[in-house]
């Protein structure tokens, strides 16, 4: 019996990874949910928006590194982040100007906008690959670990290690701050309220003197900031690859939807639901149980509920079950 | 006809319908009035199966119909209109009416492939019927317009028109009059009376226009804050202090401008 | 008065009735041009797959365009259709059946029985803690029993020459039977899904269907005993003769020579034409049936439901039942298309079913064509598929020549040359945006 | 012969393999350039044309290949993924009678497909590698491993053959968990693999896909520090990215003690790209084989040149390594036998697939160090 | 698509006319013609003169009607359903492109201003339908009414709550969850928050209980007395005309009768055909 080791194993392989993956999804989902909440469509280009912001940030990071500028123990990419955000904001505003605005003025049905965003997705895809290529890019520097497995073992004298990467910590903190800020912004500032009003009833918003173009522009700028941050943090933690960012779209959407579209808190909750269900349900509990049970009680199997090949299936099944009980997500999101 | 037994419907902690018991007599035109937010529409929604009750029972001709879905109630002859018009915007006005009657053979997929002749005949009859109703509602010229393009009042008329497409046993009218021209409303009142007398429809009517209510309804039930406040004939209700206090008021204070 | 954009225009009937034939004519011209530029056979291939895409688009259009069901699990139903092709047309693997086939069947029966029992329990017992407990107990017991019975069977079956078979094989029937069977399989799955998930709305339904599609694919990819999983099933029998046999048949070569064609070209064209006839027959039937249905009170009811479910329900229409019916029908059409596609490819490769290609591209077809209009869906299917394959050479052409215009060896020239193939997606995106820009409600809008 | 010999290079330039296919195509083009510098074949310069197989979309791949055929190609270098390779083979290559050499389709299923003698591959079928890998493990005294493989025909095939061979030799695979490429997160897989308590992890994936994600994650969490890497996982890029993390690891990829691989590295380096990138050397070999076969057959007709492929690839004859294509052409012209070794020690067996000689490697100081050959 | 809750369904966004895409139908140049009515109304504070217009390329709904209101006075439009009353209101507010005619405010021609610009000029409008923000709370709805105001809005909000006490109770509830009449009160409250110089109301009393209606009319009179111009469409025509300084009867997009409220009430033909006897 060794409960401490059991706990550490659990933390190291289930809790910490799930929390940080959940936070990564949540940051992405925040952007998706915001667009849905204000502009009322599911933006398929979000994954590629994240990729674009990250690509610019990476180029800028490389520039900084070449100049010998670093950010101490923190990744240099964080220094370059503002540049990425600005570039992404410009891109999004430009896209809105040449693409989305037309359909907004025409009151196109949301599904048209969804398909249009698919077109935008293809184009951004091309742009990103053009800028940075299709290969895998690693750009993390600074201290990789807050707590490394080896370090933890030495420090605690336990058999098991616990690793916390700095990128994980930064992601979780950022996600928490982002959702708090967004919540406050939407519910307690004049601009935020006007954005919600616009999403509720565009015509009436006009009659109240709310400038729709301003609302839209602010939305895109916030989305740019969220998307770039999410993309960069994800890239720091894993690595950057255009195709993976496109693939991220699905879990991000799942997170936004299971949380309830349009609700920032929902995005966070959704991210964690997806992440935890992926990791927990396919985890082989054997090691934890080995430590937790008295000597000699050891089970012979792996104690795995589901094998990992059904990881996505399981997380989607959980998602569907959640939706069956809460048809518009955990936090009662909007629906068009 | 319809009996409501101690019906409750709560939204969170808010008791929109708070223990209502009432009877709608067969063949009557029952008026349901009360201040805004009294719970009238919610009561309708519960009876018509739109909302599940928190507790309580609804029976129709002795049969328990609590919580039945709206489409089944429709087939039992219970019809309703919506306070906020619920037209089918991309259907034409005529189609809005033609879709109403139940049991159309063309609504079975199989018949649409192998029973075209019969469908054509039925359709012709339906179209005639729809045009009659439109004529009556003074919007025959709009028969081929998309219903989404109607004016606010015209949509309410369409809402009423749908109930005239079928043989109903009981019809719930939720503020058909709001936004309808008063002259036309008189005509509608005549029609309701006729349907009631000649075809034996039972009506339950929510309306804020007291002339309309007074002309049609007996008895009148007054609701306030989720409960039944009073019940009686028009004359009784008009004199009831509580009702005047809560609902009717005493007319304009500043008669005439400047 | 000057011109007005199409969205607002209440187009005159004359222009409206001409629009569809004109657009189809234009599509035809495009295809013929493709034939001239890239070869007749290439054009035929594109047309065939375009027609299959059109069937898929019809299925999606039935669900979305007419009933407003946001199904983005298209990929899953396509895959089920494809599975049917394997299950019907591949020869049975007798060793595998001997090794554990019956065990697997028994296991599946037990699994199904458990589910039925659970449903019965749910219906028969009053909602209570006890019901919950009983159901959980039955569920777990059933699952354990199911795994106990089926697992050894699976292991045994998968061990039978895993590199070549390792699965139960199919029924060895003519592959054409797989087409309706694919529809049935997809319809069955859709019925189950619809029973549970159709209460959801818009994007929530979308993600649920997407999830179900992912689950279907996870099963297809990982249950090797069923259809070899990611090891793929290749060599699915064809409903038409093989080109190479034709080329070897003296009769055929002689016939071809009379038309002045060499044997290779003639065989390819003949085979593709045969395929085209088969596909056209299916497409025509689906189109006819759905047009008849839509131009009837049934169609009116369905549109009414799409417009306003609440009111439709109050008018006595059983919204849930109609949704289920349409979901099943649409999925069946998609399943048929899936079976046809696998037949055309001659192989089932579960790993290749990706949402971008097999769900979203189909959606693009429906929307660009004009949702709510069957002719639009067909046009969209043809056009978008054509674009999808043509932009690859096109993008390369454009970017290749751009690259040569840049100064030799410069960064841009290098990038552009490298990016040639990548630009396929970009080109696709630009074209999509342009089409939707000039025809925001689709090329052939609903009425 | 009037038209220039033309080779179609059909690979998945978009889609899941898009990050390695450019190098594969480049490798093939390097071979073509080399031949052209030596005066081409049959007195003409060889031309090539790329097309996108998408790797996943059989219908699009078929159309793209048909487009190439209409464009007058005489041979196909491709395709990459086994699925589309089969589709192109049965729907385009066989009906049109066009020869085809795939550098990377490793599915065993392709060994038995009806190809009319038109199909070859320079990548070994996975069956052999499983055995080699098991032997390496046994020699190192490792009898218990956890296994993860990329969930496609390559990964699954390799995992199957490895599992069979390893168990046969008395080893235990505690868990065989597939992973999907291109996904966002691999914590679940690593967690499950770590829970087995095995010390060694076999990763049958790709250097820039899920395989790498798994290793990264396993290193970070301290779950494993010894990895066994088969061919798809070996490349300079992963060594650069993971650095010291691979110090304890080892693996194997096709190669003999012939100097071919090293020579190829040099050529690639001179062209400015990473020669170790997965399936790049195989691509070079595929293209080279096609051209040499055409030269030997004296014809660009597929039936003619495919008949020469086996002969060229196997002994007897003078060994030909990368960069020596000019010499090979001369020898062929002189009517002498050659044995094409190329970058991957090509040896074609059975229905025309690589026999599979392997080099066992370790990763020291950021270098891929060959330990021995098997 | 329609969501679960019918009350939440009126998100705007369906009326294409409102945002006036740039390429809308261009106006024919306005040439004064003999058919235009006498210029007696020209000097009123708010005038929509000889308006002709319709939706999209459809037929004209307005056929040369003229509506005017003096500063600090109440003008009421009545007429059968579909007569074009709401359309006339929209035209005056710039949510519909006029094919002919003009709109003037305080002598200035505002025909070509966008609705937003008219809001900035002190005009406020309560549409007949979709006139609230359903997912915003009641209080936020009111705040949005005062979006352009820079001064302290709490006093006005207090006044609105006094006028409609039920709204104070429900101020933290999403407006979409209110009853029909309560929503109508929110809509009017929102417009009052603007502190406009012109207040346009399209059937403000539809669905409102008698006691609230009386309060509302009282309040409208009060507002008018502070110098605000009020233009409203009403089906509760008799009460409305009683307080009206000026009444218009619209039939098929044209003026059928006009006069003071009392005149119209006294006219037996008007009473019979339009006011329900």
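First chain written, first letter: the chains are A, B, C, D and E, and each begins at residue 1.
Criterion: a residue touches a chain if its C-beta (ideal position, glycine included) is under 8 Å from a C-beta of that chain, and two chains touch if they have at least 3 such contacts.
Treat the numbers as computed from the prediction; the structure is a model and nothing was measured.
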| item | value |
| --- | --- |
| Steps needed, at minimum, to go from chain B to chain E via contacts | 1 |
| Furthest chain, CA centroid comparison against chain C | E |
| Chain C and chain E: spacing of chain centres that average the CA atoms, whole Å | 52 |
| Centre distance in Å when chain B and chain C are each reduced to the mean of their C-alpha atoms | 45 |
| Centroid spacing, where centroids are CA-atom means, of chain D and chain E in whole angstrom | 74 |
| For chain B paired with chain D, centre-to-centre distance based on mean C-alpha positions, whole Å | 74 |
| Per-residue overlap in chain C, given as positions that touch at least 2 other chains | 5, 7, 201-202, 221-222, 306-308, 310, 418, 422, 425 |
| Contacts with 2+ other chains: residues of chain B | 50, 82, 86, 89 |
| Touching two or more other chains - residue numbers and ranges from chain A | 106, 134, 307, 309, 312, 327-328, 335-336 |
| Chain D residues within the chain A interface of the complex | 15-16, 18-19, 22, 151, 174-175, 177-180, 182-185, 187-192, 194-197, 208, 212-213, 216-217, 220-223, 237, 241 |
| Complex contact set, residues of chain A against chain C | 36, 42, 44, 99, 102-103, 106, 108, 110-112, 115-116, 118-127, 129-130, 133-134, 246, 250, 253-254, 257-258, 261, 307, 309-310, 312-313, 316-317, 319-320, 323-324, 327-329, 335-336 |
| Chain C to chain B touching residues, read off their complex | 289, 292-293, 296-301, 303-304, 306-308, 310-319, 325, 446 |
| Residues of chain C defined as touching chain A within the complex | 5, 7, 64, 70, 196-197, 199-204, 206-208, 210-212, 214-215, 218-219, 221-222, 355-356, 360, 363-364, 367-368, 371, 415, 418-419, 422-423, 425-430, 432-433, 436-437, 440-441 |
| Residues of chain B defined as touching chain E within the complex | 11, 33-38, 40-42, 50, 82-84, 86, 89, 138-139, 142, 148-154, 157, 175, 178-186, 208-211, 246-258 |
